[in-house]
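Take a look at the structures listed below.
First chain A sits with chain B, and in the next complex the same chain sits with chain C.
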Partner chain A sequence: MSTTMFDGPAVASTPRLKPGRRVMPKVARDQTRGRLFLAICAFTMVYGVLAGRLVYLGLTETDDVVHYGRAASEIATTRPDIVDRNGEILATDINTASLYAEPRRIIDPDEAAELINSVLPDLKPSELRRKLSGDAGFVWLKREISPAVQAAIHRLGIPGIGFLTEKRRFYPGGPAAAHVVGLVNVDNQGIAGIERAVDQRGLSDLHGAGFAMGRSDLEPVELSLDLRVQHVLRDELASAMERYHAVAATGVIVNAKTGEVLALASLPDFDPNNPVDANKPDRLNRMTAGTYELGSVFKSFTFAMAFDSGRVKMDDTFDARAPIRVGRFTISDFHGKHRVLSVPEIFLYSSNIATAKMALAVGLDNQRGYLERFGLLSKLQTDLPEVATPQLPKKWSDVAAMTVSFGHGIAITPMQAAMADVALVNGGILLPPTFFRRTEKEAMALGTRIISPETSDKMRYLFNLNIADPRGSGSRAGVPGYRVGGKTGTAEKVENGRYVNNKRLNSFLAAFPMDDPNYVVLVTLDEPKPEREGIGATAGLNAAPTVGAIVRRSAALLGVKPEAPQPGGALLVSY
Partner chain B sequence: MVSRADRSLFSEWWWTVDKFLLVGVLFLMFAGVVLSLAGSPPVAERIGLDSFHFVKRHIFFLFPTIAILIGVSFLTPRQVRRAALVIFVVALALMFLTLFFGHEVKGARRWISLAGFSLQPSEFMKPAFIVLSAWLFTESTRQSDIPGNIFAVLLLAIVVSLLVAQPDLGQTMLTVIVWSAVFFLAGLSWVWIGALAGLAAGGIVLAYSVFPHFAGRINRFLDPSTGDTYQVDTALESVLHGGWFGRGPGEGIVKRVLPDSHTDFIFAVAAEEFGILLCILLVLVFAFIVVRGLSHSLKNEDAFVRLAAAGLFLLFGVQSVINMAVNLNLMPAKGMTLPFVSYGGSSILALALQMGFALALTRRRPETGRLTLRRMRPAGAEV
Partner chain C sequence: MGRYFNLVLLVVTIAGAMATYAMKHRAELAADHVKTLRADIAREKEALTLLKAEWSVLDQPARLQNLVARHAGFLQLAPLDVRQIASLADVPEKPVVPPALDGFTTGAVPPPPAPPKPPVAGAPIR
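Up next is the complex of A and B:
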């Protein structure tokens, strides 16, 4: 057996050497040597493979960077502070810790889950265990935890658990300027207001390219808002809403010479720090994203085009004795005088009949051209992303022209009305509104002349008269010393295609001081009720006093000096 | 130093032992201590021991290790053979006892407590078994009266059955591979090689179907998505994390989550902290020892010495190759220590014995060519 197991008949046939029993046959010896040589070669090769594998691994790019890179992409990016024109912070980043796990590195998921649950009982145990026991490289456990919780988890000392510092957006003013500043989502991407505008202006591109990750990389964004005035506006709107039981209120204060927005509020609003109801439909920014039939406020524009076209002069008169009937429509006056009215009287009494006749005097195409130039027929261009497009009459007929002349049959955003009013009072220059700082010089370069300075003078005269004259509808907006001027608007709202006379949209479009207006103020109250039984609920009774209150409180903050008291009349100043 | 004229035992040893091999082995021991500093503290901390518990034990074991290595290398080939027989018998007896008295660790009974130390008899069995097998094959080739091959096969059967009973598939595989290699070197005919290869394949298939954990490991290696490849993945991550020059001593991160970082996966820890270049150096040292040892046996005239030395170096080489290949994810996970580098009292002492045998066998001896044959080699097949 032993011999047959081996190769070579030579082995078997070799005669036994008596003394050399232990001598190995030459053939077998050579064979062993050959095979040993083979073994040496094999080992050299195998060790070579091992060394080669090591070299290969050495040349492999490690995924370390990928690891943390992925994590970094999931955390929020740095955003610039947003400040008002005085440097007050409207929005800023604060650092919070977010808890993550690397399940691959967790040794005992059950133990880890139990420990984490002892600190964060609100995480579902089964869910937590499932997350921890996977083979994933990265998984969020809880975003934005408090420093106390972070310390408690850190103390547990679980391997494979870590924190990433996340930037969280904080709005010190809460809802104060919510609609302008806007808000961000959990990944710190701007989703509304200036926050979104900043992203659209290139911040997100910077982030995408990996820049602007650090705080110091970003200049604060300086807005044109004045937080103090913003507070006054919002506060007065809130109290007006309460006093007149309105469903909504919106207001804006615009610098008449630069187009800068000093304050903008739309109630109800939301707290961007806790934006649970920011998406409810009634929280939209009514100033720029809502369109309304503004009613008599629109007469200002009809008057301006009537003067500017030269078809109507201040001393002309119009017959307002009988309502106008066109087809199934009847145009009548709310404060009907039933007589021939002079042009200033039409403005004071806000006569629909006479205004409609003025529009016909201007002519259909002319009216449309003016409205186009006033920026009322197309979408407003501004920094805020939330802007609505006006709804225009389907057919520009005589009826349409007449209803449009007093603000019906056309729905525009209140902001558009305010900006057109800026042009009416500042000498005739239409300015695009801005929420960022802008000097008068820059504004003039951007502006377009839409009416002559003379027309602007006439409009200022009428606006002023409407408040200074006791017959005027806006007399309750008067603030002694500040020469407020403006036009009321009481528009019946459309419901199911019909005008209903108990639901109104009241507005007051004003400017002050009227001899050289610095600021335009527009306030709109949605569905105000009479303040008490027995009196009406027209704009002169609610929107106008609201503007008065706003001007009274904010004029000093805006740097408008009151005039010296008129001889014989005592000046009562109250803030 | 020592004079060549000095004919004392030490002088004899000094001038005949292969000092390059000795230095290579000592280098590995030194590397083992340094890497133990890196690999074992996380494990010690994990199981609640003093951070340097394993380091201290590692260093403590070095003294008997070096003593055994040097001491055994003084032996003559005949003494080696006798020592191997004694050790083999004792180890086999202890292995048999472990089946009944051994303490169970991770589902296997491999250790037995002797005078306060946990001993793994199978580690000592391996070198003794290889030496004995080499002797049996030699006898068989010489056409002596002893049916060496049959005895060798019987011994293998006993050893394998004891190892499988523990169970210790890693050692089984290693022993079978090296035994077959020695048989092959002894001049096994190609027909038998084919038959044995078929048997080995059959054994693997059998192990695959009988031992679920073995099957799992193979499956996971072939298709990593089928299961948890945590250990080997982590080991690979560890190597990648280190890069060419390593993270620096104590800077390893992956080692903290790498199980058996001080034993089976010390190589990956070495890569993470000291870099891939050091690992390549380690590979070169192993290659040097194995290739030099095999070349020594190649040149040796004595059949038994040639086969036994080759077998011992093969054992050393195969073990190191399997360990490093697992660490580098080149083969399925198999628990195997890296010779002299991994922590493990029994393993390192047994290796000292193994390399002591190897050094003893590869010592330069007076020319044992045909001319001196009669004088130098008294007849007799005594052990």
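Up next is the complex of A and C:
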């Protein structure tokens, strides 16, 4: 063997040498040795590459192999969890198993039907037997069964019976935060609320590109909502709706320093787990997707612009003795005092006449400019997809300016009013509302100054006075231990182009604690009736006490410290 | 000599083959184990999300409120009153000898004489 190896190539490549010679010349031997060395090198290299490749394969992770077996539908429908600011789950994906049968492969339909019936007694035996004994290739027996039932049927070991797992979106709170969280359609695509916003923020692009495969790849979406406060708001709105026989109610609690929405409810609402009536017109999110003439709540903004422009001072007086007549319009007062009123008195008695005169003092263009800066004339920018555009007066005339000053002739979303109020009480910074977490620093970077801090101080004083003073229209919103301030609004609703006297939209716009407001609360009740015969149904009698109840129940949850104990109120200590 | 050497080589080859086979077998077993563990983890994770969802259903404020209202007679719970909130600074030092309590019982908050009025910011306007 060694001879052939040594001789063969040597003979072939050196034809000058005669065959049969035993001793190779020196040249040929060197040549052979060289070739041998080359061959060794080549083999070493090949094996080296093989060994290196082995080591490389052994060291690399092979995780992506796991994904090969997954169905495309599963990849496309996984959604991130939605949690509130404390990590409570608002929406999550759960796997549900559905039971199916392949009747062609079932050997004994009667026995199979009996066994399945022992686990699922609610299936009709006759129908089950008929389904199983057919010649169909596939038939659903029961959709969405629990894991325990699935395990029990699996244990029966019937051939031709199987499970398909489907992902389903589940909302543990049901209707608790329905309008904020929104819902998904059959294909697990967000169609409303934050679910839709999440899709618009790029989840659908991820899905399209085939990323975002497992649940672990998706960080939960953390909202600014607080589920406990959300429940308090919704619960109080529901009981107010019942007590005052209102057709609808809506409310929001906003952090006045960051613009975060802590709670938002709009009743009637829907259960996103079973959204049969989510598309009914009365289920819309009234807070952001409905526009209303908010009435006297708007006076807060007129007062703010009057102070900020310097045209009106706190110790000015306005004549509210006679109604104002402009053309065919008459502006009169609901709680008419028929005398000259000081500025705080105008606020307390909510005088339309005097407020209209204040608006004229500010001036048409000035008023419009201020409203523009308060964000009341343009569509609100927020994370929720459902946002309505405000309806403005067609022509900005003297009449329009006067009616707008007390909230008629202009329809805005309640959310806009709440955000403008945030600016009135937090020192004058208008913040865009958000449903995601935000720090005060981030918020201030986004905010714009719309009024001076001094004007904000004056507005806080008036808001607080309106509740603390027994003459104030909001005195029923007072909560012991917390300094609440706010403004009532009782607006007559328009039906067929006319204001209807007994159909009202009542609102109360409040903030607390008033010395350094942390939270703004807005509650709106649609068509409330008097609680009992003989009393009115103005906002001070229904919307204000609702806000009071909300503040009483949620202040501790929101971390607002009550004021120091009142003199005379003893502190009882147990050691 | 060469024969023995070949024999040794043969033995070494067989031993090597056996060792490789055993190693491969062990690796297969380990891979199977990894597969079952992965499946277990996936199942446990699924169970976790299910349990978490169930927990948040059970922990819903609305549900708790209903339960408290239904069992009010037994639970004897009342909403937190603002008078029950105080900071540590408001609490006086514990006296060395407890003062004689004449007619007072501790452990419960007595009903207030009248709900305190919210304070007025600034002087009233006339």
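Methods note: the second predicted complex is superposed on the first by the 423 of 575 C-alpha atoms of A that agree within 3 Å, B and C clash if a C-alpha of one lies under 4 Å from a C-alpha of the other, contacts with A are read in each partner's own complex, and residues count from 1 in each chain.
Here is the rule we use: contacts are C-beta pairs under 8 Å (C-beta built on N, C-alpha and C of every residue); 3 or more make two chains touch, one makes a residue touch a chain.
Not measured: the values here are computed from a predicted model.
Once chain A of one complex is fitted onto chain A of the other, the partner contacts of A:Ile535 are absent, as it touches neither chain B nor chain C.
Taking chain A as the reference, the larger set of touched residues comes from C, when chain B and chain C are compared. Residue contacts after overlaying the shared chain place A:Thr32 against chain B, while chain C stays out of touching range.
When both complexes are overlaid on chain A, the residue A:Thr44 reaches chain B alone and has no touch with chain C. When both complexes are overlaid on chain A, the residue A:Val276 reaches neither chain B nor chain C.
Once the two complexes are overlaid on the shared chain, A:Ala468 sits against chain C while remaining clear of chain B. In the superposed pair of complexes, A:Gly481 makes contact with chain C only, with no contact to chain B. Contacts of A:Ala445 after superposition: neither chain B nor chain C is touched. The contact surfaces that chain B and chain C form on chain A in the two complexes do not overlap at any residue.
Those residues of chain A whose C-beta lies close enough to touch chain B in the complex are 1-3, 5-7, 11, 16, 19-25, 28-29, 31-33, 35-37, 39-40, 43-44, 46-47, 49-51, 53-55, 57-58, 60, 62-64, 105, 107, 159-160.
Across the complex, chain C meets chain A through its residues 38, 45-47, 49-50, 52-53, 56-57, 59-62, 65, 79-80, 82-83, 85-87, 90-92, 94, 98, 106-107, 109-110, 112-113, 115-122, 124-125. Residues 138, 140-144, 147-150, 181, 184-190, 192, 236, 239-241, 243-244, 256-257, 271, 276-277, 279-280, 283-284, 286-287, 290-291, 294-295, 297-298, 303, 306-307, 310, 314, 317, 321, 324-325, 328, 330, 370, 373-374, 377, 379 of chain B touch chain A in their complex.
Chain A makes touch with chain C in their complex at residues 66, 88-89, 92-95, 147, 170, 172-174, 176, 215-216, 227-228, 231-232, 234-235, 342, 344-345, 460-461, 464-465, 467-469, 478-484, 514-515, 552-553, 555-556, 561-566, 568-569, 571-575.
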